[in-house]
Amino acid sequence: MKIKLNKIFRKKKAMFLAYDQGIEHGPTDFNDKNVDPKYIINIAEKGKFTGLIFQKGIAEKYNSEIKKSKVPLIVKLNGKTNLVKGEPVSSAICSVEEAVGLGAVAVGYTIYIGSEFEEEMLSEAGEIIEEAHEKGLAVVVWIYPRGKSVKGKKKRDLMAYAARVGLEIGADIVKLHSTGVKKDVEWTVESAGKCKVVVAGGVKKNERELLKDIKEAVSVGCSGVAIGRNVWQASDPVLVSKKLRKVIWG
Amino acid sequence: MKIKLNKIFRKKKAMFLAYDQGIEHGPTDFNDKNVDPKYIINIAEKGKFTGLIFQKGIAEKYNSEIKKSKVPLIVKLNGKTNLVKGEPVSSAICSVEEAVGLGAVAVGYTIYIGSEFEEEMLSEAGEIIEEAHEKGLAVVVWIYPRGKSVKGKKKRDLMAYAARVGLEIGADIVKLHSTGVKKDVEWTVESAGKCKVVVAGGVKKNERELLKDIKEAVSVGCSGVAIGRNVWQASDPVLVSKKLRKVIWG
Amino acid sequence: MKIKLNKIFRKKKAMFLAYDQGIEHGPTDFNDKNVDPKYIINIAEKGKFTGLIFQKGIAEKYNSEIKKSKVPLIVKLNGKTNLVKGEPVSSAICSVEEAVGLGAVAVGYTIYIGSEFEEEMLSEAGEIIEEAHEKGLAVVVWIYPRGKSVKGKKKRDLMAYAARVGLEIGADIVKLHSTGVKKDVEWTVESAGKCKVVVAGGVKKNERELLKDIKEAVSVGCSGVAIGRNVWQASDPVLVSKKLRKVIWG
Amino acid sequence: MKIKLNKIFRKKKAMFLAYDQGIEHGPTDFNDKNVDPKYIINIAEKGKFTGLIFQKGIAEKYNSEIKKSKVPLIVKLNGKTNLVKGEPVSSAICSVEEAVGLGAVAVGYTIYIGSEFEEEMLSEAGEIIEEAHEKGLAVVVWIYPRGKSVKGKKKRDLMAYAARVGLEIGADIVKLHSTGVKKDVEWTVESAGKCKVVVAGGVKKNERELLKDIKEAVSVGCSGVAIGRNVWQASDPVLVSKKLRKVIWG
Amino acid sequence: MKIKLNKIFRKKKAMFLAYDQGIEHGPTDFNDKNVDPKYIINIAEKGKFTGLIFQKGIAEKYNSEIKKSKVPLIVKLNGKTNLVKGEPVSSAICSVEEAVGLGAVAVGYTIYIGSEFEEEMLSEAGEIIEEAHEKGLAVVVWIYPRGKSVKGKKKRDLMAYAARVGLEIGADIVKLHSTGVKKDVEWTVESAGKCKVVVAGGVKKNERELLKDIKEAVSVGCSGVAIGRNVWQASDPVLVSKKLRKVIWG
């Protein structure tokens, strides 16, 4: 079945609002406002994001608010807390079928390449991609090099490797952490081929620096961002969103 | 399918009688009276509990007594003994389908976040929630931070994290251990969003203190309690139940 | 489906002849006579046992002899050799469906609570009990506390815990090792509630002592025995069986 | 379904040509002649073997040659290389259904009792035996005590234990290594009951000794041999086969 | 079903262009040209390769280009990054069914014999071969001796062992690393019997040496090559391809 990327893209670019930090980091990332998914949905709508990333629980409990917002829903299928130490592993908590039932137009999955459990995640991602594609859903794969075996490796190589793994396993979009170096992003985008690349926002940083990084990334072929804390932790998230749209679509 | 929480709620509050200690702790928690499930069923009925929590074996062998009592049945799906040392893990012993056959209107499942086996439990909980929701059953998830990796972490953060994980994975109700500090419970309830929070009774404690804690918890949005030993180990369980109802429903 | 316990009970008591030692201990338990399953089937018939416990291989190869004897067949579903060291684990070798095909009216399964692999066995037992009950078969669960984590624990507590786990997971009958102390057995039977308790014979011991122990156990509510070596290693097994019937049914 | 042992037996005795050494030991066991499966098929035919043991790959690639020879085909379902160190484990590479499709009239499976992975193999063997018996195929189980836990155990006890495990789990034929002591083989055959015993040839040895051992084994109830290297490494395999037939059928 | 090897063979010889390095080694193997799958597809077409090896992601995203080229598609089903240390293991990321949907006429799978995880890969390969053969697809199995247990073993023996494992498990073609010694290749081809042998190109080496090695290999029965870096890293890949055709088909 033809994957309709345009459902989560606008003029070939993507701007996703990520909000899976509740399971990945816990509520320490939140304050009294942004702890509430409705606050996030509102930002996504006002900020004209092309996709909103939730775990299945939020997608279900706030389903009517999401539908009302008309922001396309991307359900993240796996997740883990940050309490567990050692080699990272994350298994599916939500099935593709359940995501479809929740109204998702795309699904997300994280793979920690380099982890001792890489094999498990690659294999599960393979099944998910097969099933999602059969149902016409796009798949966004978070690919993060992690674990003791990646210590000391060059960041540029790891970033390009992450992008390439996305292409090889059939991801439609790969989400990765950027080194922030233009040449690196360029090589990464080349490595990803026809698989789209979006960069993660990461920990909250200087706004100017963030926008400059994204602009540069987009200028060398990156399709956009999947950003969370830098938006919903901002004092004026809608304004930040506007600035983001400007650097992404010009 | 629409989850009918009102089956185990009364005027938006819940008071569950928990009796899974037989597998979790063994009969050392019991005396000649409360070792008998019929004694518990009688308390649940007289005490006007909104739900009664059993493992499948008790739910099956005492099914006619449970039905006669009219107390809604919540079947706990996983469990383990306290004999095993090391990182905790608990797998399903009962299927959702079997629970339905036993007359359950909701199911329960325990996840030890922070355990090396967190992934296994998150993943199994995900499947159970999907299936339970398809059948219209509510899911109560016990979320307890455990294992060597949570040592030294702040109790408040862990409690809020537990609540949030409940929301993220699609639990309808999350059962957790309270720190007993009002502000902490408030933040926890906020973190859980539309997922309801019930606090565990824990080891038997001073009745006055217990009631004060529950009253405070309810005042900041907590939906009620899932309580066991503090009730059925009491000299007058029906009286304790009455006091509980008072602090919960006012 | 209603479980018909009367198929392996007579006047509410049970006397099972256990013969799974071939896999659990090897032929060192046997001599030229009792190494032959036909010898055992003959004892079961003459001794008026209410159930005969075999692994699937014997149940199949000696099926016509078993049927001719009219002794109800209980197929033990899991097993392991005693060669493997470390934490004990035993997985199903025979399915419930296969046992039914062999003419079994009940099935057996062993769980080593306290073992690092407890979770695997509890979970598999859960599935087996569900399937067996759907087909109307009773389930006998051997529950033995084992592994390094149970070292030093009180035998009385462990025995009662084993019985309780049987009740909690839905066993119809729990088979356990008795401490031989009347009060302990009484508490154990109470802990098991509506789950029946049968005691294991264990290593061959003084006949008088054995009979006294069983009589006492039955007097405090125990449903009978699952006995092997004390019968088929005896010089006159039919006579021992007669004595057993006397202490069980009076 | 009735298992038709006569398909791989002749006058109640069996003489199997084993050729699974390619995966178990590698081509170091072979020379330019016997590296070729066609050479083996020819020996099986000329030597009037009652069964020919191949892994699925050879069974498929040389299927027309096997069919032409009319020697009954036994497909070995699991296997491993001898490169891996540590506790031995061997999983199914071929399904029962695939073996049937290849024309097998019986299937084979190896279990290393005493290995840390014993449980996995017992469990998989259980499923295979169930399925094979449903389809009317006989099952030959190789049972070899292995792993650090069997060090120092008496060889006689281990051999009898292997035979007994074969009976208990439902094997139709158990293949084991003989101690070469007549009394031991006798006890082993008794321990196996209605499960047939065939002895392995093992490493190539003195022909006279080999024939004497087999003759003795057969005289005490052993059903025959599953032999490989002693035949196809011989300078005149057809002559050796003739001598084998003589000691087996007299 | 009859396996149609002629779909990826020409006059009984094979010349496959391998391009699974993106996942196996990362983009460090690539430059600005060969990082692009279209560049590879073009070489495969111009170079008259008999098969083109891709992971499922590239097979899907570049499907129209592949189809246009008319080079037969071989989808590699498993893969791993080179970041993970320790005993190697690689699980299926793509199913046989999905490969068929992508237009594959053959599938590939890697097994690391000697690895602690050998069992997992042998078993998964077994299932894949069964399913692929049912659908009429040929299976190419990469067999590489790896892991701490193969240290110090003779390369010749390992190469022949790899080939033999391919035959035993039902591979149609085994891809292995050659020692480059004619006698070794000869023995390896004999060990593989009716299973075809293709040699890997390996790290880029002196062209003359490479061609000499391949010529020799083919002269002793090897069916051809599965080659990657030596072609697409060359300054004139089409010319190298022409030379390869010459040594393979003469």
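Read from first to last, the chains carry the letters A, B, C, D and E; within each, the first residue is number 1.
Everything that follows uses one rule, which is that a residue touches a chain if its C-beta (ideal position, glycine included) is under 8 Å from a C-beta of that chain, and two chains touch if they have at least 3 such contacts.
Here the structure is a predicted model, which is why all the values come from computation and not from measurement.
Note on connectivity: the fewest steps through touching chains from chain A to chain D is 2.
In terms of the stated touch criterion, the partners common to chain B and chain E are A, listed by label. Rounded to whole angstrom, the centroid-to-centroid distance between chain B and chain D, based on C-alpha atoms, equals 55 Å. Separating the CA-averaged centres of chain A and chain E is a span of 34 Å.
Taken residue by residue, chain B touches two or more other chains at no position, since every residue touches fewer. If you sketch which chains touch which, the chains form one closed loop in which each chain touches exactly two neighbours.
Across the interface of their complex, chain D is touched by residues 20, 22-23, 26-28, 30, 32, 35-37, 55-58, 60-62, 79-81, 83-86, 89-95, 98 of chain C.
Those residues of chain C lying in contact with chain B across their complex are 113-116, 118-120, 122-123, 125-127, 130, 133, 145, 147, 149-150, 153, 157, 160-161, 163-171, 187, 190-191, 193-195.
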